[in-house]
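Worksheet: the structure to be examined is printed underneath.
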Amino acid sequence: MFLAEEAGATVAAGWFLEHAWLIPVIPAVSFAIIILFGKKLPMKGAEVGIASMMAGLVLATGLTYQWIVHVRGAAEAEPVIKSWVWWQSGGMKFGLGQHIDGLAVMALLLVTFISTLVQIYSVEYVRDDRRYTHFFAAMTLFSAGMLAMVSAENMVQFILGWEIMGLCSFLLIGHWWEERANSEAALKAFLTVRVGDIGLLVGVAILFGASGTFSISGINAWAVSGQPSHSVLLWAAIALFIACIGKSGQFPLHTWLPDAMAGPTPVSSLLHSSTMVVAGVFLVARLYPVFHTGLDINVAGQQVNLIAVIGGITILIAAALAFVQNDIKKVLAYSTVSQLGYMMMGLGVGAWVPAVFHIFTHAFFKCCLFLCAGSVAHTGSHHSFDMKNDMGGLRKKMPITFGTWMVSTAALCGLPLVSGFFSKDEIIDGAKHNNYTVFFVIGLIGAFMTTAYMTRATYLTFFGKARGAAAGEHAHADDHAHAADAAPHRVEGSASDEAQRVSGQSEAEASHPRQQGFGWATESPLLIVGPLLILATLAIFSGYLNAAPFHIEKFHHWIESSIGVSLPEAAEFEWINAIPSITLVAAGFLVSLFLCRAVFGEADSKLKGLTERSRLLGAGHRFLVNKYYLDDLYEKVIVHGVAHPIAQAAYWVNQHVIDATVDAFGRGGKRTGDWVYKNIDQRVVDGAVNGTGAAARGTGGALRPIQSGKVNQYGALLFSAAAIGALVLVIVNT
Amino acid sequence: MLVNNFLLLGAVLFCIGVYGVIARKNAVMVLMSIELILNSVNLNLLAFNQLWAKDNPGHVDGNTFALYIIAIAAAEVGVGLAMVLLIFRNRKSISLDELSEMKG
Amino acid sequence: MEFIRDQNWLLSLGTFLPLAGVLFMLFIPKKNELLQKQIALGTALATLGVGIYTLTQFDYGKSAKLQFFASTEWIPVIKSGYTIGLDGISLPMYVLSMIITVLVMIYSWQHIPSPGNPKAFFILMLVLQVGMAGTFVAQDLILFFVFFEIVLLPMYFMIGVWGGENRQYASLKFFLYTMFGSALMLVAFLALFYKTGAQSFSIPYLIEHGGSIAKNTAIWIFAGMFVGFAVKVPMFPFHTWLPDAHTQAPTAGSVLLAAILLKLGTYGFIRIAIPILPQAALKWAPAIGILAVIGIIYGALGCLAQTDMKRLIAFSSVAHMGFVMLGISTLTATGINAALFGMVAHGLITGMLFFVAGSVKERYHTLEIKRLSGMLLQMPKMGWILGFCAMASLGLPGLAGFWGEFPAILATYSPAPGLSVELFRTLMVIAAIGTVLAAGYLLWLFQRTAFGNVSPEFAGNGNGHAHSVGAAANDEHHGTDDIHDVNIFEWLAWTPLLVAIVVFGIYPQLMFKVFDPAVTEMVKVFGK
Amino acid sequence: MIAAVSHLGTVLAAGDFTSPRVDYHALAPEIVLAAGICAVLLIDLFVGEGRRWITSTVAGFVLLGAVIPVFTLGVIGSDIRSMFDGRYVVDQFSLVLKALFLLVGYVVVLLSTNEIEEGGYYQGEYYVLLLSSVLGMVMMSSARDLVSIFVALEFLSIPAYMLAAWRKRDAKSNEAGVKYYLLGVFASAIMLYGMSLLYGITGTTKLTELGAKITATGHFRGAEALAVVFVLVGFAFKVSAVPFHTWAPDTYEGAPTPITAFLSVASKAAGFVALVTLIYVAFPQAKDVYQPFVWVISVASMTVGNLLALRQTNIVRMLAYSGISQAGFILMPLAVAGTGDSAESSLRAVVVYLIIYAAMNLGAFAVVIAVSRKTRSGEITSFGGLFSYAPGLGVLMTIFMASLAGIPPLGGWFAKFGAFKAVLEAGNGWGYSIAIIGAVNAVIATAYYITVMREIWMKPVPDGDITPIRTPGAVQAALVITAAATIVFGVLPGLVSRYGNLTDLTGAFGR
């Protein structure tokens, strides 16, 4: 072993605790195996991936058990830290290792568990994909990266994992890269996140420069020790938070996440809902002392702070956007964004435990929802994700999918007694309890909107009359076939791509003989519904690890040692406080249901086409459909020739501030590049160089007349030079 | 002092010679002008020799030098005239202006 | 400064061995191409063998000291001696130059661009090898200068004879630029010589006595050397020769240029300019830092403007060398370590990218990014290699590129005492932005060329099955019959680089432990 | 009658005439040459038309034979042999240069053999004149008196005039000869006027005494400055320094190429020898005059020479201008020869530069001769694609051009390096300024040297004719010698710098 272990104080703990570092290592190794030999294996490498995930899961379970014991043992549970010197340069050491505490344990368990399920699910879902092996390789590598990150002992290792996840996200979003749209989405995702990474690099540099260590425990201890100047912490916190904004799709860098749905559904469910996107939240939680001190969270009288504000805004705008999506995956994507907003807000208002707990619960039900969507697309809507045109009335055809969907939706909406309720309401309560009234309100509104858009989605998907592919209109379905994965933009795929995908469908059809006149949709096979059932179960019960109403605070106990700062005691739970949220949830459900029945149902209603009739609502609707014009207000403005100053201002802001992230690289950067290259580089700098050469030759030409060829002139020159020289020197020297 | 007159004459001859070299287009004339310069030099040398021989008789450096110059000048002129003849044979003219094939 | 003198014949052998091969080849008729190649490759391998032996003999415990140190009289009149030695700073580059030469030869086995004539081509490569290796072992300013210049002519001919359409302009530009730089450099060396009492040109001696120079004089002398090295690096605004040279050069030339020649400049800074004139370096560091960061951003913008794959890679060199110079400008151990690591990493990665570009050009007869597409469908392996290199080049952790950039950024946060912290922290942030731009253009390149469907122009041939490679690629011929995946020679030439990128990425200590002691020793002057 | 006799007797008795002691060993080279000249003349008389090549062989052997005593003298030791009351001195400085002149002469003979033989010119006379010109140079390196310098100068010039015009029926050659002749004579006339003034001022023609007496009053009198400048002009002309260079391009182009080589190397070197001797022995006091003068002509030569060379299309003309700018570089150290302790290194720099310059420039001309045998053209473009059909010549030309451009590891770099080192050693404004100008010029110079390389390597063959070139043995020998010298001097400058190591000579002039 080339890594020399550092003489670090490591508490003697169980074997699993000591060897948690194995958990990332296993998938990393199996990634190599898949890449090298995957194609030759019977299951094309899938088995390796799944095996490694299961191994990880076993270890993680053991780890969890021992951690619980560990916590029960010690009053103040010490994290189990191991560190090996990886390399050193100029006296500073860069280590690899593990920092195992409640938070890490929770994340490890979560990631291994979800990855296992999703990979099993994928075996069926991406069967016969031309890059089957690549898919599993990337998935496994992703898990390796994520696990390395959550168990990171120091920030360098953290960055390592963080970036690897970014890479995998790029590869998996662009998995079907034959279509330009998909690779564009992948590029957008990577670059947007990368913009955030500036913050990560700078933040880590600041922390290291100021504290002199990369070790997470060290940094946390240092942050609360009171020796660092407040401004250093503030800058570090801001810088790091930029990274979190990018990674966790917070406003204003959220635009990449919906586009990321271009990837295969398992990817969306694993990376872009349950695990990778929470990395930002995780970072805040991980280095909470830095943020808490740096941003003065919970300082008496503080009404707002950066994290809470960003979180809050994200909740609302994302939720609103979810209303107007016709693509089921995008509904879920925006819902994810808004749930991430909840977590951020929770951390922002000092509700650390609920926020982290929300990570935990959210993972299960959101993953389940995505997998349901995938299941629907797989066998229900013929690879289309268009709720309006290709779904509807599927509840009878796909009972299990429907059931699990409903459970998870309930959890997401935070219906009492399911997991979402215990985590989300705690966040909202925390906001109220810590006197962040604004965010308390935002949280409530968010809850209302969540229920509403989920109801809409549910109605469109499972109720009403079967439409489009769901109804078996095959031709109609086919041109959605790839468009489903070509989200967000519907671009015609090329022949070869078509071919390779259809091969995937053909047997799906074969296995589902079509009945005359009605959809061919049926329930998905076991490999798909199995994971759904497991996740749904957890979507209900995972909440009871920390159910305030029943004074269960296990989770809290297991994990609180990771906070690193003393937070105000959480409020005692009273149903009274829960009433507003519950009522709002109910309200949201009813309102939305009513509207949906009216707008989408068979029964005729004057609400139909309201958006077309009422200009006000129409405007609002359009505004949402266009994602607040964040992406394309530009074109709209130009097309309609609106020269209104406000529009101009909005346009400017949108272009140069909000959406500048991608466009700056996409267009602005390119343009600047062109300009600099053409004008500065080629004209000025290069011109100067070539100019001198020309000048030299020019002077040469000017000098040629001297060489006239006439002897007398030569003589004259000779003598005059001599004479002048002599004269000058005579005068000078006498 | 007597010497100055010689020197003056020498200087004058020198200038005339230089003028001739620069102004004359005829090769032979140029040759002659150069001869003028050489003779001005000789004149100088002889004059100076007188000057220095005044306090130590037997000082003959200047005269010797002059003798050498005369001898070598003869050789030079010989070569020069030969060349002039050469040109004349090749192009029936000894005007220097026509000798400007090579320039630039 | 004491030296380790045992086995002092080793470096001379490693440096001049290629000349033996040249001698042989001179007497073998041009017709006998195979034999020519064999001798050339054999010589290069032998040289590499010597290099590896050096690696095994090198005392890593004492890597701060000059080892295999040899010093004999060379030009007594000017007090310049044949002084060579190797320490942790020069060892990696010394060996890298040998490796790259071998790989380039393997690659060129079948890729001799028109007008062919492998004899001359390989002889030039061997001569080049002498120059490169010599520069890294020379411990005497004059000797250094001589080797530094030896590199010039072979590269000039390599570009000018075997290069692209615009080769003559490019080669001339490269030549004159460098001449200009080295002329000033030489004047600076002489001034150094006299200002230290005209005793010796030996670098160790000058390092000891450099302090005796008056501050202002030192600053001027440093300026001279700065221009000389900056042209070679190249730093903004002396970079304009690079894109032309890189784009026009044959693949072998570009690889050597990127992998080794550019490093001569940065190496000069680390080996000569900074240790001898620390005070002047301190004065110049901010300027260097600013220029470096300008280079980072500027190079990236240049890349975004490119439509030609090779030219894009060339511009990316400007950006990456910017990171190297940024590291140097901090004058801290971390920064200079990062710079040294960055030098090697950039050598491996960009060299690799140029290899790929060369092979793509050879198959598609174009490097127009617009026209290329769907490489992954036609040549999956080649495509993924390109993607891999792009990832490495944009500084993905776990691959070599990252360890050049990240520590440089870290070091910039806290530069050597006496440097303006505010300035350098600003530079740090801008440099960090540079990493995003890097990701931008590299992934853009990858997405456009590798992803998507095969453009009809090149469509219509099964991918994979290998065809015979025509040595001379003619540009009119757009047939797709010779579009095939990576062939055996390419595998042989590339695998070592790819492996090295991963290995150094996973375990950078391999290299850091070599030069860290030497650098730490060096920057003691700056109290950091 | 008796009286007359007795009178004569008294004169003899009274006259204290003692015949000067002649050191025949020291004079051996000159004697060998003189004998050789006569020998060649006689052979030329007696051998038939068909066997005239013997003359060239003999001439070659004579030159090599003359080298022998030079070496013996050198080996015997560094004791300075001074004759005729210190007016003719044989010391290491002169020995080194004698050897140089003789060897250059030998190479020129090698180059001439075929040229002259095939040209159908008078071979015997040709070699006679060549030998006498060399003899003049050999004398020049020992001359320490205005008179002997003058005689040596004319001795080496007059044959050169005739050689320049050697191709009798060729108008260009005539023109070359006449221009060279008229301007040469004019220049030496001016020089003589200066000398006469020097003699008038100091009352002596012996350089050492001159050096002692000149500006003995501490400050200049106008005449002295004038005299010094005029004398320098004479040799500035010989070394073709701007603005006294005008003859060079035309003469070089017109003269037979071997002669061009001879002029551009040997007679230039001779001019420098005289300059160095005068500056170091006669004018050490007059540095306020000669330093600025040399500074100006040096800078002018480098710059003008370079800029004009950039424009040339004819290779010989290009080499002429390159020679001018090289002369500028050789003059560079002399511009600070008087200041501080840079005297020694300046002298060394000049001598080393002369030696290396001789090697590489002769080599370049050798290649030009060899190539023009096939292409029959002096245009630079006629070198197009040379590498493709005559790689040997191509590489050699590349070597010589690179060396002239001053690229390590070829001789040229060390020559230039020495010059820079000397001027920087002076450590004053004059030195630094000329160093910078020189550096810039060095870069400009590469531009036109590299155009030749570009033709050789990268351009197509102008007339598709790629029949390989047959280089005659003599020329091959010349190429080998020069190339070897160029490379060796570059890789191991220690060798040449040992011969340039003249520390003991600066003092030696005195005797």
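The first chain written gets the first letter, and so on, giving A, B, C and D; residue counts start at 1 in each chain.
Keep this in mind: a residue touches a chain if its C-beta (ideal position, glycine included) is under 8 Å from a C-beta of that chain, and two chains touch if they have at least 3 such contacts.
Only a predicted model underlies this, so the values are computations on that prediction, with no experimental measurement involved.
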Central chain (distance from its CA mean to the mean of all protein CA atoms): C
Comparison of A-C and C-D by number of C-beta pairs in contact, larger one: A-C
Computed distance of Cα centres, chain C from chain A, in Å: 37
Distance from chain C to chain B - Cα centre to Cα centre, in angstrom: 66
Computed distance of Cα centres, chain D from chain C, in Å: 44
Averaged-CA centre spacing for the pair chain B and chain A, given as whole angstrom: 98
Residues within chain D bordering two or more other chains: 178-179, 182, 186, 190, 249-250, 311, 447
Shared interface positions of chain C, touching two or more other chains: 176
Shared interface positions of chain A, touching two or more other chains: 693, 704, 707, 709, 711, 715, 719
Set of all touching chain pairs, with the criterion as stated earlier: A-B, A-C, A-D, B-D, C-D
Touching residues (chain side chain D, partner chain B) in the complex: 146-147, 150-151, 154, 158, 161-162, 165, 168-169, 171-172, 174-179, 181-182, 185-186, 189-190, 192-193, 195-197, 199-200, 203-205, 249-250, 253-254, 311
Contacting residues of chain D [partner chain A, same complex]: 178-179, 182-183, 186-187, 190, 219-222, 225-226, 228-230, 233, 237, 243-244, 246-247, 249-250, 288-289, 292-293, 296, 304, 306-311, 444, 447
Chain C to chain D touching residues, read off their complex: 30, 73-78, 115, 120, 142, 145-147, 149-150, 152-153, 156-157, 160-161, 167-168, 171-172, 175-176, 179-180, 183-184, 186-187, 190-191, 193-194, 198
Interfacial residue positions of chain B with respect to chain A in the complex: 18, 21-25, 30, 96-97, 99-104
Contact set on chain C toward chain A in their complex: 173, 176-177, 237, 239-241, 298, 300-306, 332-338, 374, 376-377, 391, 396-398, 402-403, 406-407, 409-414, 428-429, 432-433, 435-437, 439-440, 443-444, 447, 450-453, 507-509, 512-513, 516, 519-520, 523
